[in-house]
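First chain written, first letter: the chains are A, B, C and D, and each begins at residue 1.
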Amino acid sequence: MIRNTCGLILADDKRIHMGDLTRPRALSAVPFGGRYRIIDFALSNMVNSGILTIAVSTFNKYKSLMDHLGTGSAWDLDRKSQGLYILPPYISSESYTGRGDDLSGIISFFREIKQEYIIVSSASCILNTTYDELMAYHRDKNADISVMYNRDGYKAEAPVTILDMTRSGRVKGVYENPLNPVSNRNSLGVMLMRRELFVEILGEAMSRGTTEVNPEFYVKEFDRYAIYGYEYKGCALRINSTQAYFDATLRALSEPTRTDVFWQKQPVFTKVKDEAPAIYSEDCEVRDSMISDGCYIQGSVKHSMLFRNVSVGNKAKLTNCIIFQDTQIADGCELENVIIDKKCVIRPGIKLIGQAAYPVVIGKGAIV
Amino acid sequence: MIRNTCGLILADDKRIHMGDLTRPRALSAVPFGGRYRIIDFALSNMVNSGILTIAVSTFNKYKSLMDHLGTGSAWDLDRKSQGLYILPPYISSESYTGRGDDLSGIISFFREIKQEYIIVSSASCILNTTYDELMAYHRDKNADISVMYNRDGYKAEAPVTILDMTRSGRVKGVYENPLNPVSNRNSLGVMLMRRELFVEILGEAMSRGTTEVNPEFYVKEFDRYAIYGYEYKGCALRINSTQAYFDATLRALSEPTRTDVFWQKQPVFTKVKDEAPAIYSEDCEVRDSMISDGCYIQGSVKHSMLFRNVSVGNKAKLTNCIIFQDTQIADGCELENVIIDKKCVIRPGIKLIGQAAYPVVIGKGAIV
Amino acid sequence: MKKELIAMILAGGQGSRLGALTDTMAKPAVPYGSRYRIIDFPLSNCVNSGIDTVGVLTQYQPLALNTYVGNGHPWDLDRNNGGAFILPPYQHSKGSDWYKNTANAIYQNIPFIDNFDPDYVLILSGDHIYKMNYAKLLEYHIAKGADATIAVYEVTKEEARRFGIMTSDENGRIVKFEEKPAKPESTQASMGIYMFNWPLLKKELAEDEADAASSHDFGKNVIPKLLAEGRQVFSYPFQGYWKDVGTIESLWESNMDIIDRPRDIDLQDDSWRIYSRNPVKPAHYIAPGAKVRGSALTDGCVIYGSVHHSILSHSVVVEAGAVVEDSVLMPGVVVRRGACLKKVIVGMETIIGENDQIGGEENKEHPYYNKKICSESITLINGGLILKPDISVPGNCMVSMAQTVAESDQIIERCENIPAV
Amino acid sequence: MKKELIAMILAGGQGSRLGALTDTMAKPAVPYGSRYRIIDFPLSNCVNSGIDTVGVLTQYQPLALNTYVGNGHPWDLDRNNGGAFILPPYQHSKGSDWYKNTANAIYQNIPFIDNFDPDYVLILSGDHIYKMNYAKLLEYHIAKGADATIAVYEVTKEEARRFGIMTSDENGRIVKFEEKPAKPESTQASMGIYMFNWPLLKKELAEDEADAASSHDFGKNVIPKLLAEGRQVFSYPFQGYWKDVGTIESLWESNMDIIDRPRDIDLQDDSWRIYSRNPVKPAHYIAPGAKVRGSALTDGCVIYGSVHHSILSHSVVVEAGAVVEDSVLMPGVVVRRGACLKKVIVGMETIIGENDQIGGEENKEHPYYNKKICSESITLINGGLILKPDISVPGNCMVSMAQTVAESDQIIERCENIPAV
C-alpha cells in the first residue's frame, strides 16, 4: 500500500478517435472485457494501491462517465472526506461562460488537498497492477517525476511517446510519434511526482496559455527535472484505435493476457448491475469466449466477448465478435469480426462479416 | 408519504441577483439559517415527502453546489437505483461544444425514469413542509398541473408570478411582475404534474427554441391545461434580493417563523460538517441569536445568525449580523447590520455599520 | 425517525434439515441460484417494495450473514435513517436470553422496532425463494381494515398436510387455522409472511411472553390467539413462484427451477431485480474444449470440462475432462480433471479430487449414505473440504467432517475454513 | 479481502461504575462532550489513522450502539470492503457462549478477523477519551520488530496504584507488568491499547482459551504470558489528553475539560476530527433573556434561562428562570422554568420539573444519597425520567427508577423509554 498519495485520471484523450465507439462517450467510458469500462482499470489500480482521493478529469461527454462512476461506491470511494471527484472543465468558472478550461479546475482541486504525492494516469492503457513498486523506484532514484513505460515502442500505433533514457534510467529525450524511434520504451501515461510539483508544472503551463492536459506533456521538462523511466513488465493493452481495441479484446480471451489483465490478486472493480446469471440453453455451443451475467445463449459463440445481458438466438453464429450490453442477436444471424455497441437489435438471419484486420462496427442503439 | 413521484429542483434563477452572495455560487447554494444552504429546504421537503429520485438542474457555478450535495448521503439519497442526480447543462451534449442547454438534459433524464408524477421546485423560496396535501388536492381537483402559492403577492419583491384564479381554484391568468396585481396569490415556484405531461411541455418549449427552464413558464399554458392553485398557509421566505435575504434571516430568529422554518416535525437535512460544539467564554454575552457548532464566542452577539465555526473576539460587538462559516471577527470589532460571507477575517477594532434597510455585505474570503 | 412500515426477517434458525451446509452459516446465508444467497430474496423484495428499514434477527452462526449483509449496500439498505440491522440476542441489565422462538425474538426487539415508531410491522422468513410486492400486501391489509394479514399460497390437498392451513370466509377473513392438518379443510398454506398493526402486535407479544404455556411461536401461539380473540385476521393470496428451501431436496429443486422453469422464477425481470453482494470477479470464461449446456453460470467461473443441467455459483472451476451434471456448485468449488458429478450439491470452496466419481446410483451400505438429510439420490458435499483423488461416492450421501467413518473409507483429505463472504 | 491492519473495539462491558446511566445502554454509547458519544473517539481515531475495518464487540445492551453505529456512515465506515461491524456473541453448531472476558471475546471472533487476513490487529477499549494516531503506533511496532506493543501513559506515582503498570528497558521493551501495584516500579500505565501480530495473537488466544485457569483477560492473562514467554513486547509512550471515563467522577471531569482545558483535548483540530452521528437539528438558539457563559452547546438547544460552566448535548431546553451550573445535560434534557441544577449529570430525555432544586450540598441521610457510584458531590439523574415539580435533591445522589424509596420521598413522576438514537 502506498500512503499519502492522490490520483488523477485523464478520462479522455483528444488524440485518440474510435469512431462510433467514442461518439457517445469519453474514451475511458468505452466498455471493455465483458463487464468493465476502460477507466475501471486505472481506477482499480489506484484503489488497490491504497489511494483514496481520486479526481477524474474530462472535457466533454461526461454523461456515460458520470452514470458509470455514480457515487463511487463500486470502488469504495463514496467517502466523507476523501473519495472520487469528477472535474469537468466548468468547475472553476465563476462567470456565465461556457468555455471549457481543464487546467484551472485541476489546479485548484490539487492545490487544496493534502497528499504528498500524485499519480497521474491516462485512460488509454489497460493494465492491472498496484503502484507500490513504482513508488519504491521513485524514492530509490530520488526522482522528481517517474514515468511508467513498457517496451512496445517500435510496433505501437500512434499516439506514441518514446523515452530516450540514460543507463541510470533518467529520461534525456522524449519523442512524440517519431518516424524512427530511438528506443522501444513507450510511455504508459502513468506518472508519479510530488503533488506540489504537479501543481507548479500545471500552473506554468497555464500561464503559457495551455488549457488542456495531455497525459505526457510534463515529461517534456526532462532538462529541468530529474525524470526517470520505470519499466512495467506486465501486460498492457493500448487502446489507440478501433482496431487496437478489437485486437486487445480478443487477445484478452487467451492466456497469459487473460490472467494478466483480469485475474490478478487485486480485483478490478466496476459498477454492479445485478443481472441474473447467464443461462445456456440445451442446444447452445460456446467455445473460447467470455460471457457475462444476464446473457441468454441459444446459438453458437466462438472466440467472442459478450457483455452483460446479451441474448444470442437459436442457430445464430458468432465468431470473433464483441457484443456490448443489452444487445439482442436474433435467430439465425451470422456475425464474424464484428463489434456491436449497446442496446442494438440484430434482426433474424442478418449476416455481418468483417475482417480480422477491419472489424465491422455497429453503433449504439442500432437496429440492423 | 407520496409515492411514485420524482422531483426536479431548479437550483438557480437568472432573474435573481444577490451581488457578492451569488457571485461565487448558485442562488440555491447560498448559506441560510446557520447550517443550511437554501437548496436544503427544497431537497428536504421532497425527501420528507417520500420522493427518492431528485434531479438538480443548474446552468453554471456548480462547484459549491456539487461540493455541498456530494454523494447525496446527507439526504439519504446516495442510492443504487434512485437518488440524487445533478443535471448540469452539458449532460446531453455529444459533441465538443461548450454551449449550455438546460432543457435537453432535463428532458432526456425525465423521459427515461418511471415515476408517475413530478414535483418541480424553484430554489428561491424557503419553506418547510411535505407535499402530501398538495398531492391530495391535485387528485381531488383532477388537475393537470397544481401550483403552490401563498398570499403575499401585493407586497413581494420581483420576480413575482401572480395567479388569477376562478372560485374553483382553476388558474385563468398569470402575470409576471404586474404593476397592479389582480390578486395577492403569488406562486411559490412549486408545481405538481404527471411526469409525462412535464416532458411533453418541455419538449414543446424546446422545439420553439427555449433553452432554459424558468420555474413558472409552464403555468402560462393555463388555457390549454387544467391548472389549479393550491394555497400554502405556512411560512414561506422569498429570497429575491440581498435585502430580502437579510430580512428573512433576522425574521427567522423569532417566533413563529423560527418554528415554521426550522422546527417542524420533519427535519431539514444538510451536509454534516463534524465541527466541535460551540464554546461560550466566561465573558461573552449572547442574546436572541442562533449559533452553530464550532463557534467560539468571547464578545457580544445580539439578534444575529452565526454559521459554523465563526469566532467572535473579546469585546467584539455584533448586532443584526449574519456571519457565514469560518469567518473570524477579531477583538473589539463593532458590526451592525452586516452580512459577512465565508472565510473572511475582520481585523481587530474594525467598525462596519450598515442600515437595517441597507445591510453591508462583505464578500467571500475578504480580509477587512 | 418514524417509518410507516418496517420489516423483520427471522434469520435465526439453524436449518438443521440442510445438514452440513449450515454447519458454519445460518440458512439464509446459503448460496442459491448461481448468483444469490437465500436472504437476497426477502431483502430485495423489501427494497423493491419501498421498505428501507429491515431488522435481520439472527443468533445461529451470524458471522456469514453479518459480513454478507454488511453495510446493506448491495440492497440499497445502507441508509442513514433506517437500513439493514443485524439483531442478535443480547444481555440487558436484568439478565440475558437467547431467542426462544420466533415470537420471542420479535418480543426481545421491541425497543428496536419502537425506535422507528412504525404503524405496521412485516414479519418475514429468511429462507423462502419468491418475489412479492409487500406494498400491495400492505394496501390489502389497510383496505381490509385488518389487525393482521397472512400471505397464503395455494397448495395441493396432498401438500396441505405439511403446512399451516388457513380457512377463510368469502371476504378473505381467516376463520380457522390448522397446523399440518390430517384432513385439510382448505388448500391455503401460510407462507410465514405476516403483516401486523404494530401497537396490537406489541401488546400480543407481551401477553404471549407472559404466558408460561406458550412456546412463543407465531404459527403455533400468536396467530391462534388472535383468531381466538376474534381479531380481524385476513389471508392474502399470493400467486407466483414460491418455494421453501428448507430441505436438501427443495434446495436442489429450486436451483434447477432456474433453468427448468425460468419464466416462473423470472430472475431477468428488470422491474423486480434480486440484488446480491457482488463477488468482484471477471466475466466467466468457456475454454475452447469446454461444453456447457442447459446451465446457469456467473462471474468468475472458468470451464474447461463439461457442464450440463447445473447451477454454478461464482468462481467455480471445472477442469478439462471433468463432467458436471444435474448439480449445484456453490462459490469457489473446484472440480479437478476427470472428476464426474451427478446430482450433487457441493458447498463453498470445496475441491473435488481428480477422477472422483460422485453421485448417481444409491448404495445404502455406503458409509456416507444418509437418509435423514438427503433424498432423491441427491448427494451433498459440505463446503471447505478437499476430497482425495480417485474416490467414489454414490447417490444420496452426505459428506462432511462430522461423519465418523473407518480410516480406510475416509475420502476427505483435509478441511479448511470457508471465508464468510 | 486482505487488510494490513484491523481494529477490534471492546465495547461489551456493562460499565456498572457509571450506575444508572448504563441501565439501558452499553458504556461506549453514553453521550459525552456536547456533541459526542464515547465510542466516537476510538472510531474516529481508527478512521483518521487510515483503519477502515473495525469490529465492535458487544453483548450488553447493544441496541443503542447498534443503531448509533448503524451503517458506519458518520465515521466513513460504510465501506463495501471492510467498514464497521457490530459483533455480538452467537450460537454455533457445537453450542453457544457469551463473551467470558476480553481475550475470549476476540477468541470467539477469530473467523471474523481471519476474513480479512490481517497482518496486525489493534485491540481498543470503547470507553476512553483521547486522540491517537494508530498509524504511528503501527510504525513503531514494525520498527521495533515487536510481537506486541502496548500504548502507555505517564501517570503520577500516586495514580500508578490504580493502573496496570509497565516497566520498560531503555529500548522500550517491557520487562515487567504489574496490575495495580502497591509499590509501583514505574509510572507507565497501560492504556488498554494493544497492537499484535495477528498470527501470534491467534495462537496465544487459542492457548489461553484452552487454559482452564485463565480468566481470558488481556491484562491479566495474555500479556503476562507473552512476557513470561520472552516475547518482544514494547511500550509505546503516548502524550496528549487521555481519560478513562469509567466513573461518574471521571465522566464529569472529562466533560468539564472541554471548557476548562480546551487546548488539551482540542476538539477544534481540523486535522483530526472527531466524527459523530448528527442529530439533524437546527443551530441552537439563545433567547433575548438568556445568559450563557463558560459552556459548550450544540445543535437543537434552546436556552431561555441561565447556563454557566456546563456541557449541553443536542436538543436540550432550558426554560426561563432555570439555572444550570457545573452540569452535564445529555441529549433531549428539558429543564423546566425555575429549576436549578448544580453539578448534576442528567441522562438523555429526562425532564427536570418546575422549580426543582438539584445538587449542591450533600446530605447523607437523603433517600437518594449514593456513595457507591457518585462522589465529589456530583448528582446523577438517569435518562428517561420525568421528575415532579418543586422537589429537591441534594448533592452526591443518584436518581433512577431502580431506587426503592418511600412513597412520600418519590420524586419521579414517571419513566419513559429512551429512543436508541
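The rule is simple: a residue touches a chain if its C-beta (ideal position, glycine included) is under 8 Å from a C-beta of that chain, and two chains touch if they have at least 3 such contacts.
Owing to the predicted nature of the structure, the values given are computational and were not obtained by experimental measurement.
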A-C compared against B-C, more contacting pairs: A-C
Chain of greatest Cα-centre distance to chain C: B
Whole-Å gap separating chain A and chain C, where each centre is the average of the chain's CA atoms: 40
Where chain A and chain D are represented by their mean Cα positions, the distance between them in whole Å: 48
Residues of chain D touching at least two other chains: 73-74, 78-80, 273, 275
Chain B: positions in contact with at least two other chains: 73, 78, 80, 272
Of chain C, residues touching chain B in the complex: 4, 50, 73-74, 76, 78-81, 273, 275
Residue numbers on chain A that touch chain D, as the complex places them: 1, 3, 73-74, 76, 78-81
Chain D partner contacts - residues on chain B that touch it in the complex: 33-35, 73, 253, 258, 262-263, 267-269, 272, 274-284, 286-294, 296, 305-307
Sites on chain B touched by chain A in the complex: 23-24, 59-63, 66, 71-73, 78, 80, 83, 88, 90-100, 272
Residues of chain C touching chain A in the complex: 33-35, 73-74, 258-259, 262, 267-268, 273-276, 278, 280-290, 292-299, 311
